[in-house]
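What follows is a set of structures for review.
Okay, so chain A shows up in both of these, paired with chain B first and chain C after.
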Partner chain A sequence: MKNLQITTAIIAMIIAIGFSPEVTGQILTGKQIIEKVYNRPAGDDQTSDLTMTLINKSGAQRVRKIKQFTKDLGDVEKSIMFFLSPADVKNTSFMSWSYDSDQSDDQWIYLPALKKTKRISSHSKNDYFMGSDFTYDDLGDRKLEADTHKLLREETMDGKECYVIESVSKDEDYMYFKTLVWVDKSNFLGVQKEFYDEDEDLLKILTIKEVEKISGIWVIINSEMKNVQKNHKTTIILSNIQINTGFAASKFTERMMMRGM
Partner chain B sequence: MEKFLKKLLNQPWIVVGLTVFISALFFMQMKQKSRMETDLDKYMPQNHPAFAYSDQAEEWFGINDGIIVAIENKNGIFNAATLDTLKQLTRRLQKMEEIEKADVTSLYTADNIIGTEDGMDVKAFYKRVPASVESLNELKHNVKNNEMTFGRLVSFDETVTVIIAEIKDDVFTQEFYEEILSLAASYETKDIIIHVAGRPIVEGTMALLGPADMKKMVPIVLLVITLVLFIMLRSVKSTMLTMAVVFFSVLWSFGLMAALNIPIYAVSTMIPVMLIAIGVADGIHLYSHLQLHLRENPDASKKEAITDMLQQMWKPVAMTSVTTAIGFVALLTSQVYPIKYFGIFTAFGVLMAMVFSLALIPAGIMIFGLPKVKKTVKNKSNKESDLAYGLATKVLKRKSVSVFVTAAVIILSIVGMQKLWINSSFLDKFEKESDIVLTDKFINEHFGGTTTLNLILDAKGKKDVFKKPEVLKLTDQMQSKLENDLEVVGNSFSLTDYTKRMNKVMNADKEEFNTIPDKQDMIAQYLLLYEMSGDPENLNKVVDYDYAKLNVTFQLKSDNSQALNSAIAIIETYEEDFDKHGITMNYAGSGYKGLIFTDLILEGQILSLILSLIIVIILLSLMFKNFKIGLIGAIPITITALISFGIMGFLDIPLNTTTALLSSIAIGIGIDYAVHFIEQYRINASKTDNKNLVAQKTMAHSGRAISYNAIVVIAGFMVLLFSVFPPNRELGALVSLNMFTSFVGTVSIMLVLLTMSNVYFKKSEK
Partner chain C sequence: MLLIASHYTKAQNPDISGFARTYEGILFDNGNFGIMQQTLNLNFEQMGDKVAFKANPMVYLYNADSLDFRMRELYLDLYFDNFDIRIGKQQVVWGKADGVFITDVVSPLNLSEFLLPDFDEIRKGVVATKLNYYVGNSTLEAIWIPVFTPTEKPPPGSIWYIQPDFPAPPAWDFSLETITPGLETSEIFLKYTALTSAIDFELMGAYTWDDNPTLHVQKEFSVDPNTMQPILEGLNITPEHHRLAIGGGSLSSEIKGVILRGEAAYYNGKYFLTEDPLQPDGNIQKDYLHYLVGLDFNLGPVKLSSQFIQQTILNYDSNILNEKTENTMTFLARYDMLRETLHLELFSYIGLTNEDALIRPKITYDFDDSFSILFGSNIFAGDEKGRFGQYGDNSMAYLKIKYSF
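So, the complex of A and B:
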């Protein structure tokens, strides 16, 4: 239940942007490309409706609709999520405050059936987010220096000219041995990312299916994460996205969680 | 036929050459393609509704059998050394190629969800091994307060903790087992003892041990049979040729199996057993006839002698073989493929044994010469004849004794059969004092049980039924009922346990909230919270995505059929209540499949037994052109089967896959004895009207051969009594018993009835 700002998170993680297309003739290193991907502006606040669909190997689906608000307050990022459906969990809400410092996140949950707000302990980065195929780590920011980046090749993916970058983790205990990301040369947005597990076997494939420029900022609005080992996948689709509307920071309180949107 | 056989006599080398050549071809096939099937799932009929459902459910919920590694420390497990061992072993197991990392569960991998004053906390029990007294005490406190851990991963007396590693059915090999054993052994110390158990170990060991033991024992069996055969026939040549018949028929059966790409199943190891018991018979009868002929015509040339042998004997040999083969073909009615194969290839082997007996033995005699008839043998033969004559006379004098004893034995057998029970247990097949049984017992004493029974509740696609409080309460009630009422049910586990745990946790860990909440919304929200905090894979093991199917796991302390059936009986009492909610009950898991499988085998076996009995009666009636003879000929078979089952009942030997198949041997052998005896009786009866003389002559001829046959096979199979694998011992004892009762039945009650029926005398009177 960490940075529940999925949108920003996904965008940050994958990818990218870069407003200006690459200067002709300049040869970028793998690290420089990833830096451009990571350092992409994301806006100060964001509101959106999120539809998360979990699909298991036999094709059964679990669909959840959530309304989310996130706001970057400088040294702390706050987010709040309200479940819209399924009906029996409607108005269940989660709030998370995550700090730039080493302080661990603060998180709360409100269960309408219990009519109480409860504080819950923080998760580990390896935990899967809401039973999906995304881990918290997949959704959070990753430091540029945490991996060794290497430009492997350039190739066309989905009709887009891409760089293929391999990022090998420097920390041996990290859940992924390495990742491969295909970066669109024209806008430094990720197109696809492959995750390899500790045994160096392909574990998951993230595919960016749709991006949209909203208020001058690229937002990924449709993505799919597929766990190829478990044959299980999760799609996240955003709608009604609003960026930089400037809603009040006072929205992020326990009282607001109970009151609902 | 006779002419063809006589023609063959002129070309003995071609017969031998062809046999050896084809055998070589089959041998090549065996070398290339023979493989052992150890995956027990492959034995089950996949399209049978119970198996199909179970397989599906196993897929839905990821139901797999687990290897259990138990770490025992008499001084308690809450100390740094034991906890470190637990951590190291868990990680080593997770890294093994055969095991999926996520499928290993222990205190080290488990999540501890606990309630606090203002909320909820999800943590590992420990990651770094706790060193200080305070942190050890905290861990102990956490374990004891979590009902999803205490009694499941750590025993109530705190001296044992387990690691459960689920594996797929087909990964078990001897090497894998040894790797785990040596891994476990490497962590043992003065205080820490490590035990390895679980169904995959039991199944795997059984699938490997049985045939491996057979491999060791069969050569000894053959050696003993050869030796006894030699003592009986008094001729190296005759013994070798008779054994060659057995050897080639076994080789051809397995060769054909390999050529058709059919793997060797555990029951296939019974094929040589059948072929040894049946294959030596033809040879013995042929040589017995030859010896008697030579005794009467000492100057006969080898060609004359063989011609006479073939003339007199080809018919009974062919009749017995064809009838026996058809008896085995009746096994095709079984729904279990390995049994069908067993039937077909045994039938094939029996027919090949017939071909070799009628072609190879004469060819062999043509090439190597007649067996010598020594003077000493003559004396012995006379003694034998006296014995046979005496026996025949006595039997006929005291007809009522035979009838009375037979009736008594049949009644007793039927009484014994009432006690007969079916057992699908694998564990019961091992020695009581074997490591595998002791370890299992140890773990059952400390935990819920090593055997699992999965109950699948199915709302037929109706969504969210298993979020309803009344449904979960009913499920919880059923779980408690089984745990309380049945000693053998140690534990149960389902969505109810997660729901109760979350309710307690969200209410500051107060025990009175360890219940199913009254509102569906509440349940749904708890489960959502669990999904977001714990490992969502855990929930996938107990409920499907739509909350329309539930998997309830019961842990049992025994894998025998009685234990499983007693649990199922209580579960079934809830059928009506669940039905009111539109929920049906089904079962899944290896224990349940084993239960159904055994039932199927027995059902098929009993059916094919009755079917082959009918076929035998019809065939005998046709062959001897008399229905009464058909009935009389079926008597040794019937008696043998009845006594076999009766004695199993009295001795508390349960019916299982091996012992049930043994009834087939009763047919094979019973027919042999009956047909040879009746045919000889018929021939003798056509020469004289003296009933006593006919009986005496038949006894001296067929009776002698039958007794040789019985003695040889009994001696051979007695060897199996020294086997280290209990089912093989039972096999040895029961085959010997069957041989003995068939023999006694043939020369007593059958002879009596044959005489009383007057079938062959009426004819001659006309």
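So, the complex of A and C:
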């Protein structure tokens, strides 16, 4: 069985990079800019199909397909993923409850071959998700206060006027020494993010390739994470995105994990 | 069943998945093949809003021409607002233990290859009706099994068959071993499951049959004409399954990144072989406790898991052939590398009471998402009277090549 420990939904990654349409005339600090990025509206619930493509340095591809549901229930955000392919993980499901408080996430995985729902640790943030270039930490929510944020400069990236923010972790054991994120000044959408390893060398580059406004909310629908040291990359494409459909909270139960979509 | 499923699942074609696998093992002891098995596993699934259907036939080809067909599962699911019903042959897994069967007593085991099959293949399906009633994240599960299915043991001639050591020639009477299906011979299982933020737990009860038959022994004596002492001439052995009442539970919780698991079951009135001369058929009934504590945690990129298991016969009598207490540990280490295409794993059972072990290292490489190759070894070590050490001659290296679709 492949390692299927996962953090919160991929959609959480969109929030972490993502974006408030608010535009102000005042001079913002690095922390204020990142706060606007983190506090971007995401809707009360979201549903989407996710296609993750792992591409190695010779160009060979491995594809994972997932159906995911996320719902904000106030002080807790619940998400559930159903793995559709490849064949050896088909019908596996993963559920996560992520809390606004400091409480650790609760996570479970259902393994259909074993017919067993297992509670798994939410502390493996540095592990890579399904062999991709995204770690669980890359995909999950990150607390604003976990890093020291500094506005380095303003520059143009892909024709967009951007803030460039440096975020240095306050935790010396964190897997990244720092990250740099380019934030579109017009709408606080992320454009690119660089990840630097513990030796302060550039490790990965996340590029946002396509965004779309759905039900009034900006959603990244195409992104790419490239490991520049090992020269392999992962793309994530979302499709069939639905926001605020009001599906029931009973979607996030062991019953649904075992039954499937 | 098929007609109902096809009617309510919008008459679409069933989803077909499965795998084909070749599995060959060479014994260290003599270089012979300890296993030569080809497997085809098929899953036919069709799912609708109200009804779902699954059929899971498996075909095992042993050696050149020994074919073993098994319908692992064949069932129909009916979905309602607050409850589901599953009818048909199905596998049921209970408890939080890994590789150890404590409250996991619904589906019997296929031990024809000892504990070596993958844990998703070691259970046998049971013909049952299962009702699950849901309240939030809690589930009340009730299972009725009208047809008893016993544990499958290695047949004589198998390298996993252990010839019983009798003090006199045995004569077997199997007339009482079969249980006729009926209401009175049904098995009932109940379980309450709660999945909460702080802790997951299960409480279970069962009125079942012991999956392993009790060997009732009648001794035949003659009298030595010279000494006038009795001489044991033979044994009449009658295997018979007996009723068992079992109560227990399991839990799991996370504490600072470590998953803590526990599971326990109390068996009421289990039979044990005894040398007590006052027990005319060589057996005595005792209550029995089986429990486990386990931890799952990460050490860097390595995933580790360990379990301590204890089996205790309560109100023990020194004439009982089993030890009063038997302690076992399991240990698992797993490391995934090369973007989860290369997997290193070590799993071990360690018999603390008998000082024996089964050590199972393996390495798996995924050529792509559907094709993998596995090299592994099963190493039996320690006391030859122990559960694992008795198979010291069966240590082997093996290869599995698997194609999933």
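The criterion applied here is as follows: the second predicted complex is superposed on the first by the 229 of 261 C-alpha atoms of A that agree within 3 Å, B and C clash if a C-alpha of one lies under 4 Å from a C-alpha of the other, contacts with A are read in each partner's own complex, and residues count from 1 in each chain.
The working rule: a contact is a pair of C-beta atoms (placed from the backbone, for glycine too) under 8 Å apart; a residue touches a chain by one contact, two chains touch by 3 or more.
Since the structure is predicted, the reported quantities are computational estimates derived from the model, not experimental observations.
Participant: Is this a clash or a fit when chain B and chain C both end up on chain A?
Facilitator: Aligned on chain A, chain B and chain C clash with each other.
Participant: Just checking: does A:Lys115 make contact with chain B only, chain C only, both, or neither of them? Give me first, second, both or neither.
Facilitator: After superposition on chain A, A:Lys115 lies in contact with chain C alone.
Participant: Per the overlay, which chain contacts more chain A residues, chain B or chain C?
Facilitator: The partner making contact with more of chain A's residues is C.
Participant: Name the contact category of A:Ser58: first (chain B only), second (chain C only), both, or neither.
Facilitator: First partner only, chain B.
Participant: Per the contact definition in the header, classify A:Asp88: touching chain B only (first), chain C only (second), both, or neither.
Facilitator: both
Participant: After lining up the shared chain so the two structures overlap, which partner does A:Gly131 touch, if you call chain B first and chain C second: first, second, both or neither?
Facilitator: A:Gly131 sits against chain B and chain C alike.
Participant: Scan A:Trp97 for contacts with chain B and chain C and give back first, second, both or neither.
Facilitator: A:Trp97 sits against chain C, while chain B stays out of touch.
Participant: Check each of 205-213, 223-231, 241-249 or 367-375 in chain C against chain B and return the one that clashes.
Facilitator: The overlap with chain B comes from chain C residues 367-375.
Participant: Residues on chain A in contact with chain B in one complex and with chain C in the other?
Facilitator: Chain A residues touching both partners: 54, 56, 62, 86, 88, 108, 113-114, 116, 118-121, 123, 127-128, 130-131.
Participant: Can you list the residues on chain A that touch chain C in the complex?
Facilitator: Touch list, chain A to chain C: 2-3, 54, 56, 62-63, 85-88, 90, 97, 103-104, 106, 108, 113-124, 127-128, 130-132, 232, 250, 253-255, 259-260.
Participant: Touching chain A in the complex: which residues of chain C?
Facilitator: Going through chain C, the ones touching chain A are 17, 19, 47, 52, 77, 79, 84, 91-93, 96, 118-120, 132, 134, 136-137, 139, 193, 195, 197, 200, 252-254, 256-259, 296-298, 301, 303, 336, 339-341, 343, 366, 368-370, 372, 404-405.
Participant: Using the touch definition from the top, list the residues of chain A that touch chain B in their complex.
Facilitator: Residues of chain A touching chain B: 1, 54, 56, 58, 60-62, 83, 86, 88-89, 92, 94, 108-109, 111-114, 116, 118-121, 123, 127-131.
Participant: For chain B, which residues count as touching chain A in their complex?
Facilitator: By the definition above, chain B touches chain A via 59-60, 116, 118-123, 464, 467, 506, 517, 519-526, 528-529, 531-533, 535-536, 539-540, 544-546.
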